[in-house]
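Presented sequentially are two complexes of chain A, the first with chain B as partner and the second with chain C.
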Partner chain A sequence: MDLRDYIIRRLLLLIPVLFGITLLIFAVLMLFSPSQRAAVYATSPKALKNIDVIIQKYGLNEPIYVQYFTWLKQVLSGNLGFSQIASRPVLEAILDKLPATFELALFSAPLILIPGFYLGTVAATHKDKLVDQFSRVLAIVGWSLPTFWLGLILLMFFSGILPTGRLSNQAVLLKQSEAFTVYTGMNTVDALLNGKFWMFFDAVQHLILPAVTLAVVSMAALMRIMRSSMLEELRAKYVTTARAKGLKEETVINKHARRNALISPVTTATWMVALLFNGVAVVEIIFNYKGIGWLFIRSAQQLDIATVLGFSLFNGLIIMLFNLLADILYAYLDPRINY
Partner chain B sequence: MKNRIKEFKKRMAPRIEELQFTIDKIKQSPLTLVALFIILFFVFIAIFAPYLAPPKGSDPYMMPNYGYSATPSPPSEEAVFGTTQQQYDLYYGCIWGARTAFKLATPVLGLVFLIGTGLGLISGYYGGIIDEIIMRSVDTVFAFPYIILAVTLVIALGQGLSSMIIALTVAYWPFYARVMRGEVLKQKEKDYVKAAESLGASDARIMIKHIVPNSIYPVLILASLDFGAIVIAGATLSFFGIGFPIGYSSWGQLASFARDWVSLNYWWATVIPGLFISIFVLGWNLLGDSIRDVMDPTIRRE
Partner chain C sequence: MSVNAPNDNVLELKGLKVRFDTYEGLVKALEGVNFNIKSKETFGIVGETGCGKSVTAKSIMRLISSPGKITDGEILFKRENNGVIDILELSDKEVREIRGDEISMIFQEPGEALNPVYTTGYQLKEAILSHQSNEFLKEIKNEIEREIEEEDSYIKKKLLNTQIKLIKRNIKKEDSRLTKYLSKIPLINGYKDKLSEKAKEKAINLLEDVELSEPEEIYKNYPHELSGGQKQRVIIAMALSSEPTLLTADEPTSSLDVSIQSKILSLLDELKEEHNLSILYITHNLGVVAQICDRVGVMYSGRIVEIANVNDIFENPLHPYTISLIEAIPSSEKEELNPIGGVVPNLVNPPSGCRFHPRCPRANERCKKKRPSLKELEKDHWVECYHSGDKDGELN
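== the complex of A and B ==
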């Protein structure tokens, strides 16, 4: 079986999970009364005023399986309901906030990956030495601090120095002016494309605290995974062989062991992405950074169920796709894998 | 009789030796002792909460507040840790918050352990269509970050402790099912299971008497690492104002009250509840980390 067949099989396996995801969200939806559920079908605030019409139109008093297919049809046509928080359709609201969160993740990624991989490797090659103990303490403490508290503490110390939100008022004015073209929705990228360097620095300043807060937990997790993966490789026979050949320890670690040790973190990539999403919700609320996590928590606080359920569904699908990508990458990286 | 005791002793000798080895290992690791000390400290607080902070209202879990001024006031004789927004007593909230933490995390952990290992056992032992259904359910739940799933469920079920327990259980059981299934698959092919089968032992007997004792350790390690994670998850929900009603003793909620007063001038409102959560979780994480070293058969004797 080659890689292509593997990918096709993997895609077929997505079907039951896709079914499961819709079923789970639908089950949660059915916990609400028909008049509450109406918001999930409405396409405009005007429609929401006539709840009885919606209940009639979408058959919200019909048997459950009939309702499931009606709902699925709506979802597939891209209608996730009307978001009262954003006063626009849910899908539109999510897509509007998505670039902000993507930008935050983009700035957080190097803060997670570089120290995570580096410290993990160093801790493994210096097992039980000072560096290893230090990394262990760092990881356990990093795990034990709730993200929201870490965020609050950083805010407490840096509130006068680093701003919250996404942009300063001045930059918002520029962004809304006609002279500015929005290409990606990511402020840093758009600022560079428009040649406004001061706005780029303004956006970066707003990103520092959220990106650092977001990175800590994932970095600690990655470091530990990398450490144990590296330790396992160092115990393997081929490492002994490489050493017996008289290779320098540096070469053994960098060229032999580390390359194989990198595979195992890939298998946890989905889990790491999920971890990142948890953090995004917390960090965006604390630093008032208006991305999808902010949108989700705000709508949960206001009991805006259309947005809550729409976002959950959207989130489930995104992570499922990440899962697929990670599996393919894993198969590609590790030739030993049995397709 | 004497002979039987002797025989029993002889039969148990390896187990006793192993236990002795485990205890020695724990004694050698100061971190484990620190972890146990922290956890016992919080157990003490939780048990003696009614004496440490005598309840003032009809519901002991509701925090008393002294007046209605929004601004937190510093530690004083009336409120030793100071008060937070709306004059809620921080000391009272932190003490009873320990009870809340145990009341939330213990049932969640118990339920995920039972449901997760049970389904993982059935899934791994029987295989086939049952395995397929259970594992696809696991994949489905894994497609949701646990905070997102738990928030969505609590919104649907309504505020309160039982909703939080259900929501977190739904979000956490798949980890246990997956680990247990993997272990069962490993054990199922071993000779001792074949031997039991050929002696005509029933499925239930093979699973419970033979497979479970040999595959439960990794799940136990996972559980000890998860206690802290569940407390953080619960605190995060109440930080969002989603888990508990306003005024309920919960560390997460106390931290959320400090949300508008994040400044060194009101440090106690932010720092104190956060310290309670962090030290509590640190205790569990230290314990989990050292249990792994002590119990894991592959590194135990290194």
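== the complex of A and C ==
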């Protein structure tokens, strides 16, 4: 099908975009002095002690374009430098924290998407009725709460009921024991794969507060966007045609109006989810949930350049992939798109 | 609910009133509309923009949606079994059974009347199956029963029998969760493919009927891949899918090229003969009226002010509004309504008495105070004006 060609074409287009991202990051890197930049090339703490060697080895005093290619080669070979914060190579540090953030994102995303789309639709079909008023209040409350504030409030109300961190001590012990195999790094998934249901519930308990905190604002926004999109579609002429065919109202709403109403909110929703995968630092810090957002803040505070840049590269990659996903979903949902 | 009506009216509107509750106030869009459509005739409604033509057409199928409301009147419709019903008294479910089945509608803008995200085939099939699935299901049931007789394998027989049970549940419209989920299970939902196959066959036939070349292609196309004329033909095919008795066409050609317009008009004329249709044809083009209508109602600001045979309207218009419309026709080929003097009345605070009086050359005090009623001044020629009976004016 044409859609497949389109996806392939878009994937190829990623190459120049990636190139652009590396250029940007490199430009930022060049703002620092050679000795500061050395960390970006080092592979071990030992190497960091001999900064002059690094400067020599990677030509940090050479012309910029030469340096760019040396640096790019390092990046492509997986060397993002040494993270002082994590005391290990940056790539390893990121990969170590990634599963935590992904797990949180995977729990949070449905909390945004399902109520967002569902309540938005219901609010539109029951405009000015009780459900709609309820959704309006929910939206105002959701919007007006800054995430960090909501996080703190939840933390206050649920302290003692719902734990912070990622796992209880007991579960950590299990995780580190011989008997436990780490498959994905996502605790819930690994617990299930190891057949340890109590650990699964343990992990879920830890996820509830950060996941809800992350979801509320986006959910409220998505709900309102879906509502107005749906209201607009319900006024469309093809809806009258559908009714005039004698279709049930349920079919008119779900098959006809909603299918069209989804098109633009899906793009917004994809972006919301992309942000989750990048790790929301505020939430990770409030709940002491050690994901990449947490790592990023720690390294930014300490001006750990290598980690910050590695993180930026990762961010760029995620945004790019989700952007691609959004475009593909859009093309899939709307047959009028010319690819 | 049946009302005795010893006439051959397919449709009769009595005192229909429609209101829209808007921020600007209550829009009195229809203010007691009366007319009737006889069996197998084409009845036209003409009038300026905003006079309530589309609202009238939608009301007939109860398609007025919020903030609109039908507040008064009767819509008497003669069903295929000859019983007469008042559409306004039906339950929502009963209205759905009539919509698209006994009364169909063609819309003003074909470009927007089709859902952009579904193929024409999908939308046609949907229209077909919304009223004819039982017929098809019965056929399929018979086919499967024959299959069972010839089938030796015990398991296959069992599966086919399950299909029959499901079909029966579907025919009885038992929309239970169970039926819904069962009909998703592969092996036993084979009848659904057959149903879809039959609907497709019928859809292609319909596309041929409306003289679309390459119906197979059009079936697969999305609306945006078709021209305006093609889209309108698809919509006509959809409207005819379950052999309606009444077809409402709301300016079906006004957004199309002139050459395509006349083709669509002659197609409608042919289809009318073929399918024994009665047509309500709405337009603001008097040329079109002359071409295809048998009788015409002239609409002004939410009222039908004159009804007559086509010839009488053109040769002997009686209402001052009709007269000015006809005088305003330019002698050239273009027969769009020319704007006549004065402004279209505001429907939130309409003029008192006869709504036409501010623009009427013959208006007097009486016209301002009380609205005249529709009277049969000549045989089959109804007019709503104090002055039409005598040219000087004070008789009625």
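Worth pointing out:
Heads up, the rule we're going with is that the second predicted complex is superposed on the first by the 314 of 339 C-alpha atoms of A that agree within 3 Å, B and C clash if a C-alpha of one lies under 4 Å from a C-alpha of the other, contacts with A are read in each partner's own complex, and residues count from 1 in each chain.
Quick note on the criterion: a residue touches a chain if its C-beta (ideal position, glycine included) is under 8 Å from a C-beta of that chain, and two chains touch if they have at least 3 such contacts.
As the structure is a computational prediction, the values presented were derived from the model and not from experiment.
After superposition onto chain A, partners chain B and chain C are found to sit side by side with no clash. Contacts of A:R259 after superposition on the shared chain: chain C is touched, whereas chain B is not. Residue contacts after overlaying the shared chain place A:A281 against chain B, while chain C stays out of touching range.
Applying the stated contact rule after C-alpha superposition, one finds that A:A105 touches neither chain B nor chain C. In the overlay built on the shared chain, the residue A:M223 is in contact with neither chain B nor chain C.
Once the two complexes are laid over each other on the shared chain, residue contacts for A:P16 go to chain B alone; chain C is not touched. In the superposed model, the angle subtended at the C-alpha centre of chain A by the C-alpha centres of chain B and chain C comes to 80 degrees, rounded to the nearest 10.
In the superposed model, B is the one of chain B and chain C that contacts more residues of chain A.
By the touch criterion defined above, A:V308 reaches chain B but does not reach chain C. Of the two partner chains placed by superposition, only chain C is touched by A:A244; chain B is not. The superposed three-chain arrangement places the nearest Cα atoms of chain B and chain C 7 Å from each other. Residue ranges on chain C touching chain A, taken from their complex, read 58, 61, 63, 65, 92, 96-101, 104-105, 107, 109, 112-118, 126-127, 130-131, 222, 224, 235, 238. Of all residues in chain A, those touching chain B in their complex are 16-17, 20-21, 23-24, 28-29, 31-32, 136, 140-141, 143-149, 152-153, 155-157, 159, 270-271, 274-275, 277-278, 281-282, 285-286, 296-297, 300-301, 303, 305, 308-309, 311-312, 315-317, 319-320, 323. Every residue of chain B that touches chain A in the complex is listed here, in rising order: 132, 136-137, 139-149, 151-153, 155-157, 228-229, 232, 235-236, 239-242, 252, 255, 258-259, 262-264, 267, 270-271, 274, 277-279, 281-282, 285-286, 289.
Within the complex formed with chain C, the chain A residues making contact are 236-238, 240-249, 256, 259-260, 263, 333-336.
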